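In what follows, a structure is listed as structure tokens, so that the remarks can point back to it.
The first chain written gets the first letter, and so on, giving A, B and C; residue counts start at 1 in each chain.
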Amino acid sequence: MKRRSFIGKAAIGLVTFTGAVAAVSYLRQFFPRLAGEKHRIFLGDPRRFPVGTFTLLEEHNLYVYRDHEGIMAVSAICTHLGCILEKTIDGFECPCHGSCYNENGEVLSGPAPRNLTWYSIYRGADGNIMINPGKSVPSDEKFLTS
Amino acid sequence: MVIMDEQRYRQRVQWLVFIGAGLLLLLLFGAWISEGMNREWRKVQKEYANLLKEKGESGNDLVERGIFQVNLPGFNRSDRCISCHLGIEDPGMQQAPQPHMSHPGHYLEDHPLQQYGCTICHGGQPGALTKKDAFGQLPETHWPYPLLEQPYLQSSCGKCHLAIFTNRPSVDPEDNMSGTVGGMDVFLKGKRIFSTEGCLGCHQARGVGGILGPDLTEQGEKTRHEYSFQNISGEQTISNWLKEHFRDPEMVSPGSQMLRINLEEEDLVALATFVMGLAKPDIPFEYFSMTTLNEFKGNREPLEGGAGFSYLCSACHGKSGEGKNYNDFKTGVPAIGNPDFLRVVSPEYIRFTIEKGRSQRQMGSWSRDISGLNPPELDAITNYLYQKNGTSGRTGLYRLKGNRNRGEELYDEFCKACHGSEGKGDVAVALNQEGFLQRADNQYIMAIILRGRRNEGMPGWSQLDDEKLVDIMTYIASWRTGSVFERTPELPEADLEQGALQYHFLCSRCHGEFGEGETGPAIINRDFLESADNRMLYETIALGRPHTAMFGWSTDLYNQEKLDLQDISNIIGHMRKSVTNELTYIYQGTNPGQVDEGALLFEKYCSECHGKSGEGVKAPALNNQEFLSAASNGYLLATITVGRSGTNMPPWGYGDQEHPLLTGKQRQDLVAYIRSFQRIHIKF
Amino acid sequence: MKNTHTPAGIINRNFFLHIHAGRVHLHSMKPTYTFGLGIILGFLFLIMLFTGVILMVYYTPSVENAYMSVKDIVYVVPGGRIIRNMHRWASQGMVIVAFLHLVRVFYTGSYLGNRSLNWVIGVVLLIIILLSNFSGYLLPWDQLAYWAVTIGSNIAASARELTDLLGITNMFDPGGFLKKLLIGGEAVGQPALSRFFALHVIFLPLSILILLGIHLWRIRKDGGLSRPLKYKDDKGSTNKWQAWPVLMWTELGLLLMVVVIVLLIALVADAPLLEKANPYFPENPAKAPWYFLGIQELVSYSAFAGGMVIPVLYLVFLFSIPYRDREDVYVGQWFSGKNGIQTVGRSALFASLLIILQLFVMIRFGWLRDWFPGISQWFVMLVNPATISGGLFILMAEMIRRKRHSSRMAALALFTSTFVALVIFTVVGIWFRGPNWEFFWSVNQWPVI
């Protein structure tokens, strides 16, 4: 009876395997391919940003800071649970659970686990100044404007 | 053993069922009444039907009952106001009590109900069917766009009709573009206040303005959520917040640098109404007026100089350019309308400062990228300021004859400080000179006295009245021993290229490569060339100025090249052309002063107000690089000499009760020292 | 030929009534035994289905129109306000009653014996109920909904705290995986709304129906509701009543009372509806639905510990109870005798004191990062009231197991302590946390923003 039991086992095996493949193909449908998440952000003329201030770009959830030498961009998203940070006198604060950061994006208190990410700013091929939120840089690196 | 009697249990449960069913029935009935029959709008509709009946119309079905709405897909809403406001389009209901009253005015003719609905102008909650929810004014309604009461209701007109930089909406009944008649007076008053208080000096609206404060283009669309009412004690509404904010910005928004505006209550209301109307709503473009749409895109009528000054400069510099002193404002604000300033400043200086700003001060750059103003508009503002110097229309004075003795007194009072007694010369050129007086006729003399020589150090004297000016001119003319040659040569057409070469090789050594002056005076100078006619130029070049280093070029006295008519014409042509060129730099001109001596003088006389290294304590910062790039040595010399009345800058050329007179040499030393603060020469 | 007119016949020949056995034990009918919680829960679910269908007819699941469609239900649809309120309050009732039912089943030891599978199904049903509530929470698309789901989705991504500490998030991001599964992206938007709508109206209700069917079928298979061992061998009609009509009357009465209460509350209290969702303006405080506020409180100490570790551990604990405790002697009895009452009481006291003490320290004196500013995130993650309490409760339960040689006592201790902790944390999260998640004694003290 070996042949019969073999085909029976083989059939079951193949069905199981196919079922697994079918399940994976089906479940993959729940994960959209969203490549557009990490897009480049147009910064424009740095002179639009007053020197010595943080300006919030709402649609992109980041703060732009300009000083006399250059311009920088830091994430405005709290590293704890993703709320948008508010600017305080000497740093940032998260309204959700009270995490506090200093102006370098370092965590001072609260449940936030990581410091804020500073994003790379570069001049694109068309001459425009852009922010790349997919690339992080050290907190003291700035895009020189002078 | 669980002892429970089935019968008893069952009976109890049956009671439970009975009570439950009964309660349910009651509740269902109650719900039916409260939700179905007892609706607020039904009562209102019944009232309306009764009103109609009283007016003599009959029939029970004259009012269709039910929920009415206007579907507005363009606004993404359906307005149900008309379920209660049934009489809104009924002309017979003008005197009826609310909510039955018909709409006042002719608004519904221009804004048909089916196209506009109600809430786009009035605010409120379009989907609601009770008064409280529809008005949306109480916090528990959770509606961010409450019903607007008068006069704030007028702000809604701004959404579609407002063109900030043109006269729209106008009140001209003939104006079909976006004119509205009546009903907008408070809004338009607010617009006027906005344009005269200089709000755009710090704020931007529709692409024009400063960047110190937030952009106001869509300020009117902000909801209560976006304002902080922490420090507002009165009514917790947006209109009140705005009024309080105008009254005392720092109290309402701690850390704000906004200046206080002192306005009457009704002006505050008007301004608040205007600000609430600054919007860029997300509605189909057919609803907007053309001018408004154009403004959104940045197409607008160019701002005139006066308008530009008023919109952008007046908040800091004052409505008539009177500036702010150091008591009111930490770093002071220059009085750019000050007559003493206007008589020493050149238009290039003003234009440069507007374009570049002043680093480390709040005067920012107003170049197009930052402020949204076009170069012609910046020129217009420059001209507006410059024209205030009062020189226009007075050049005909040279024909008059004045009193020589009075002129002598006036000369000693005003002119001696630089030109020396009896015109012998000091830091400025000698006027009592044959060669000069034979070339320069009275027209030239009067023109120069009036407008001065900007960038050279000669201030204008337009603040003196006509009589005094004529007297001074008479006195100076009295030194003339001969008469002015009246021969006017026929100058051939100038060859500019040759002229440039000849100028470069022959004249630039003394007069500067760009005619800005070296050992000789600045001759490519707008004021000079506008005052001097070709005759004077020709003669001066041809015959020279005896007893000075300017030799005549048409003689061969010193073995120099002999220039003929064509050559001189070329040079004159070159000079006149050059003055129209775009400036690359503002030229500093010469100054023979000594830096070290100037340093001592500065410390003694200037440092108390201007700071030990010119950083500015109670007076403007003199070490500011933009300032030094805009100011020529002549400007500095003239300012030091004549001071600035109305401010604390004394006239050091004349001295006053508290301050000594500084000689010309001393003043030149100070200029040299101030010039030494300059590290970079900023291009125009 | 079967007689269709006997009580048993009526039950057996009707598809729906056949859920019930022909006879029911007296003990099961005691109101103070079960309190009818399971049935009440079932009826609440029925209310959800009926009111939900009406809502679904008028609701639009798009971010532009969802909010206004809900407003239209309230203003325009006849009785819409009532229907919506009933849906909302019955849903809250379901969560509360589900937890009460869980508590009842646990404390009466009804997972013992052959009822372990049904317990597991029940816990799964609890999770699905919570998910249903959570998915429905988003649908009105107002500020409350939007930010609650944002918080919830970020809690789901809290594994990132660990992967970031290890520096491996780029390669292995289970947090991101979960978040993407839940809301279809990084932020709550139309994809999230569509997903939640599909979950809420089809997938989860179907799952509940199927699992509920199995749950009820298991009751029959397991010999009816649990009862003390002394009744174990009652066969036939000993101590039993005919299901028809007594049980039917009881259920009818309960149904009516449930509907009456829900309708009454719906008439007097309106379901909340704040301003339309605005992604640029977070509510402050932004709170998850109330039943998740215990977790949100824990998450405010550490995202990973409070959002992943403790909840997962708790679920593991719940699932494993019937497989670790097999002391069938305790079945059918509230609190398992004098020993049990003592254990429960002491555990409750211990848990309350411990939690309150930690909260006191934290609120008054701060926590690790306030005392040691540069401290590593590892410490913050591993040492906080969530982990400390969890660890101590497990320790306590183990000690009791050894001391009393009883897995039931241990189970009682661990269940009681964790449940009391959950309740206290939830209460704190609901009533004592204000803007910036700071502690306030009452809403009146919240600062104006």
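Keep this in mind: a residue touches a chain if its C-beta (ideal position, glycine included) is under 8 Å from a C-beta of that chain, and two chains touch if they have at least 3 such contacts.
This is a predicted model, so every value here is computed, not measured.
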{"item": "Far-end chain from chain C, centres as C-alpha averages", "value": "B"}
{"item": "Chain closest to the middle, measuring from C-alpha centroids that were averaged per chain", "value": "A"}
{"item": "Pair joined by the larger number of C-beta contacts - B-C, A-B", "value": "B-C"}
{"item": "Whole-Å gap between the CA centroids of chain A and chain C", "value": "33"}
{"item": "Whole-Å gap separating chain B and chain C, where each centre is the average of the chain's CA atoms", "value": "63"}
{"item": "Distance from chain B to chain A - Cα centre to Cα centre, in angstrom", "value": "41"}
{"item": "Residue ranges of chain C in contact with chain B within the complex", "value": "26-27, 29-30, 64-65, 68, 71-72, 75-76, 78-79, 81-82, 142, 239, 241, 245-246, 249-250, 252-253, 255-257, 259-260, 263-264, 267, 273-276, 278, 281, 447-449"}
{"item": "Residues of chain B touching chain C in the complex", "value": "1-2, 4, 6, 9-10, 13-14, 16-17, 20-21, 23-24, 27-28, 30-31, 34-36, 67, 76-77, 80, 125, 127-129, 133, 142-144, 223, 225-226, 228-230"}
{"item": "Residues of chain A defined as touching chain C within the complex", "value": "30-32, 34, 37, 58, 79-84, 93-98, 107-111, 113-114"}
{"item": "Of chain C, residues touching chain A in the complex", "value": "150-151, 154-155, 157-158, 161, 164-165, 180-181, 184-186, 191, 280, 282, 284-286, 299-304, 366, 369-370, 373, 377, 380-381, 435-438"}
{"item": "Of all residues in chain A, those that touch chain B in their complex", "value": "45, 47-50, 89"}
